[in-house]
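You will see two complexes here that share chain A, one where it goes with chain B and one where it goes with chain C.
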Partner chain A sequence: MRHQLTLRIGPATFRIGSAWPAPVSQLASLYAAYPQPADAIADFTVRLQPTSLARRFIRPSIFITGDHGLADAAPMSLAHGLLAAEMGMNLQMALGWRRHLLLHASSVEKDGRVLVMTGESGSGKSTLAALLGERGWRFMGDEFALLDLDSGAILPFPRLVSLKNRAIEVVAGEVGAGRMGPLLAATAKGDIRHMLPRNDAVARMGQGAMPALLLFPRFGHAADMRAVGQAEIFMRLTQASTNYVALGEPAFTALTRFVRDVPARAIDFPTGEEAIAMVERLWEDMA
Partner chain B sequence: MSAALLVRTLRDPASVAALDASGWNGLIAAARAERLIGTLAFRLDGVTVPPAVTPILSDAQADAAREARQALWEADRAAQALGALGVRVVLLKGTAYAAAGLKAGQGRFIGDLDILVPMEAMAAVEQALIAAGWEWVKDDPYDDAYYRQWMHELPPMIHATRDRMIDVHHTILPLTARQTPDAAAMIADAVSLADGLYILSPENRVVHAVAHMLADGDLQGGLRNLWDIYHLLADTDPNIVATRAAHHGLLPHVRQAQRLAAALYGPGARLTLWDRLIRARLLARDGWGRETRKALVFAFFLRSHWLRMPPLMLARHLWTKWRKGHRPQ
Partner chain C sequence: MTATKLYRRDGADAVTACALDDIVLLYHPRSGQTHMVISPVPEILDQLADFTPASVAQIHDRLARSFDLGPADDAMREIAAHLDALVALGLVRPA
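Coming up: the complex of A and B.
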């Protein structure tokens, strides 16, 4: 393809090709601190290609695909090319990664132990991980936590943090404009802006650690905390995994161990500040 | 052209020693796009590859093993559902190759479960499958009527809880095709596997795979189909293949497949002009896994319809599909 970039995030190497220069140059500058080995053999190929011949030039429209793709993926405007590239990489991981159990979860680490947070889009798990990453925790990822099938450790996948709508302001205020990407207004998921993880999160992206606490955060409710039964945790984590079925019995064994060994709580919170206070308290008590 | 690189690697695995990173990226992307990555992984077993390639190939092998396991379980479930009918259930394509442990099945991607049953048993088979939890996929009355009137198979069905598709064939080409293979003879000659399931005789496997590739369809996935044929041919007696192919009206197609298989995966062959066009279509894939040679690919798409339907019927069909908003990719 005309424009390309090879990018390493955690254990995965992506070769991203684009029909237009902008998505690749934006990626290259935002991921400047990550390895960009030009002559690497990639785990996945991502393609940002025009939805049709004319759509390369006139009202450019991106079809996101690659080694793994969805035939009915919605086309995206070139103005959202950075988001398209991120979605292309996520798609490859979600559909093609087999070396760890993928959990749709954010994760942060402190003192060699990992806090995993899982929930639907809008639950606040990305924002919470981003904020904790600024307050003494090491940010490990906001989208996928990789559970090692043999050791039971969580491995980082610290791509850019994708912040939506109101979370943008909260986090931008904390980290400053220098670590924020361009504002992508009015995407299918509302306004999106990416945040660069701190340099230590990138430098240590090869280092995993054992999980010590699992949280099911829920933003926008009065402060509350509940215990969650192991059967429910297990079911929710299988639903939060895109490769649980594909990995078969080793995934069942690893997930069973995770559910048995890692204490868990569901927490509701009205603001980020209250959430952080709750998390720090729970970490003291349980982890 | 990375499809050519893929073909060369399948033919001569040791040739990967000369590849640089960009060669490997192109090879892997083309193999994934052609659904031959599992096959490639088995072919490269024991060959020295760069460290970054090893996990990619072992993931592909594990995926292929899971595919085979799932496919055999689906076959087992179908045998269970149809056992009481007392008809021969003949496994076709990927599931058959996996069940019989054939070389063509090694690492092969397996999609739907394809079975062949006698025409006169179709109604009973349909009832038994519905009773066992399969349901219709297409809710469009035109598509449903089209399948039942003109196709060689029932409209596709999917199992409600296992989410796997089954294609029930009563012959091997659409009823509108120029050739009319003798499905009853194929079923009569089929070889017994375990549990009441059958597989086509070695020669009929070749005839079926060739009919599917060259007398029907637009050559999507053709490199994999030709790889199947290349290995299926190795298990046959050439004279019997010729006799059976002639009986089913497909001798020219089988001859052409033999030339193409030898040219791409074997020691080479003299190709006709028409063979070369097909080869050009088969190799239309670049190092990013993209389809190339758009005009040629589209021409083969048109041909696939031409093969299936007389002109007036084709015009009516395309008009109906167009009004429903369908556009060729």
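Coming up: the complex of A and C.
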């Protein structure tokens, strides 16, 4: 493709090709601190291509594809090209990664131990990881936590943090405009703005650590905390994994070990500040 | 004639089990499926662990040595229903 970038995030190397220059130049600038080894062998190819030849020029529409694609993926406007590239990389990981058990979860590390937070879009897991990453924790990822099948460690995948709607203001106020990407207004998921992780999170993206606490956060409710049964945890984590079935028995063994060894709680919180206070208390008590 | 129907487990259908709270997870390598089961399913499967065919009545009698099963007719009906469900899942075969 005409415009290309090779990018390493955690253990995965992506080659992103685009028919238009803007998404690639935005990515190259936002991911400036990440390895961009032009001659590396990529694990995945992401392609941002026009939905038709005309759509390259007139109201440009991006079709996201690559090594793994979804036939019914909706085309996106070129104005949201950066989001398309990010979604393309996530899609390749979700559909193609086999070296670790992929959990749809955010993760942060402190004192060599990892806090894993899983939940659906809007649960607050990205925002919490982003905020904790500014307050003494190492940010490891906001989208995928990679569970090593042999050691049981969590490995980082610290891509840009994708913040939506109300979370944008909260996090931008904390990190400053210099670490925020362009505002992508009115996407299918609402307003989106990306945040750059701190440089130390990027520099240490090859270093995993053992999980010590699992949380199921839920934003927008009165503060509450509940124990979660192991069987329910297992079921929710298999639902949160895109490659559990593909990995077979090693995934079963690794996930059951994770569920048995890692204490877990569900937490509800009305604001980010209250969530952080709850997390810090729980970490003191349980991890 | 449920009473004379025989069931068996096959070595190829061996499962890896893991108990979490009161739920037992069974990983079945042949299908790649993970099943979540509760008592009495793990106990029924245990009675077929030697891979030899057994009838509902035989499985009932083996279980009755360790568990209070209540009236035999009711217990056998329930065991037969579980066995047929296990056959449908591919974990047990009709012998």
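Some points to look at:
Criterion: the second predicted complex is superposed on the first by the 287 of 287 C-alpha atoms of A that agree within 3 Å, B and C clash if a C-alpha of one lies under 4 Å from a C-alpha of the other, contacts with A are read in each partner's own complex, and residues count from 1 in each chain.
Throughout what follows, a residue touches a chain if its C-beta (ideal position, glycine included) is under 8 Å from a C-beta of that chain, and two chains touch if they have at least 3 such contacts.
Just so we're clear, the structure is a prediction, and the values are computed from it rather than from any experiment.
When the two complexes are overlaid on their common chain A, residue A:T187 makes contact with neither chain B nor chain C. Legend: residue contacts after superposition of the two complexes on their common chain; A:G17 is shown touching chain B, with no touch to chain C.
Contacts of A:M235 after superposition on the shared chain: chain C is touched, whereas chain B is not. In the superposition on chain A, contact of A:R260 is made with chain C only, not with chain B. When both complexes are overlaid on chain A, the residue A:G248 reaches chain B and chain C alike.
In the superposition on chain A, A:T45 makes contact with chain B only, while chain C stays out of contact range.
Contacts of A:R99 after superposition: chain B is touched, whereas chain C is not reached. Judged by the touch definition given at the top, the superposed model places A:Q36 against neither chain B nor chain C. In the superposition on chain A, A:M1 makes contact with chain B only, while chain C stays out of contact range. Overlap of the chain B and chain C contact sets on chain A: residues 248.
Of all residues in chain C, only 16, 18, 20-23, 25, 27, 29, 32, 34, 36 touch chain A in the complex they form. Every residue of chain B that touches chain A in the complex is listed here, in rising order: 20-22, 24-25, 28-29, 32-33, 50, 52-53, 55-56, 59, 62-63, 66, 288-290. Listed in rising order, the residues of chain A touching chain C in the complex are 229-231, 233-235, 238, 245, 248-249, 252-253, 256, 259-260. Residue ranges on chain A touching chain B, taken from their complex, read 1, 13, 15, 17, 39-43, 45, 47, 49, 66-68, 98-99, 246, 248.
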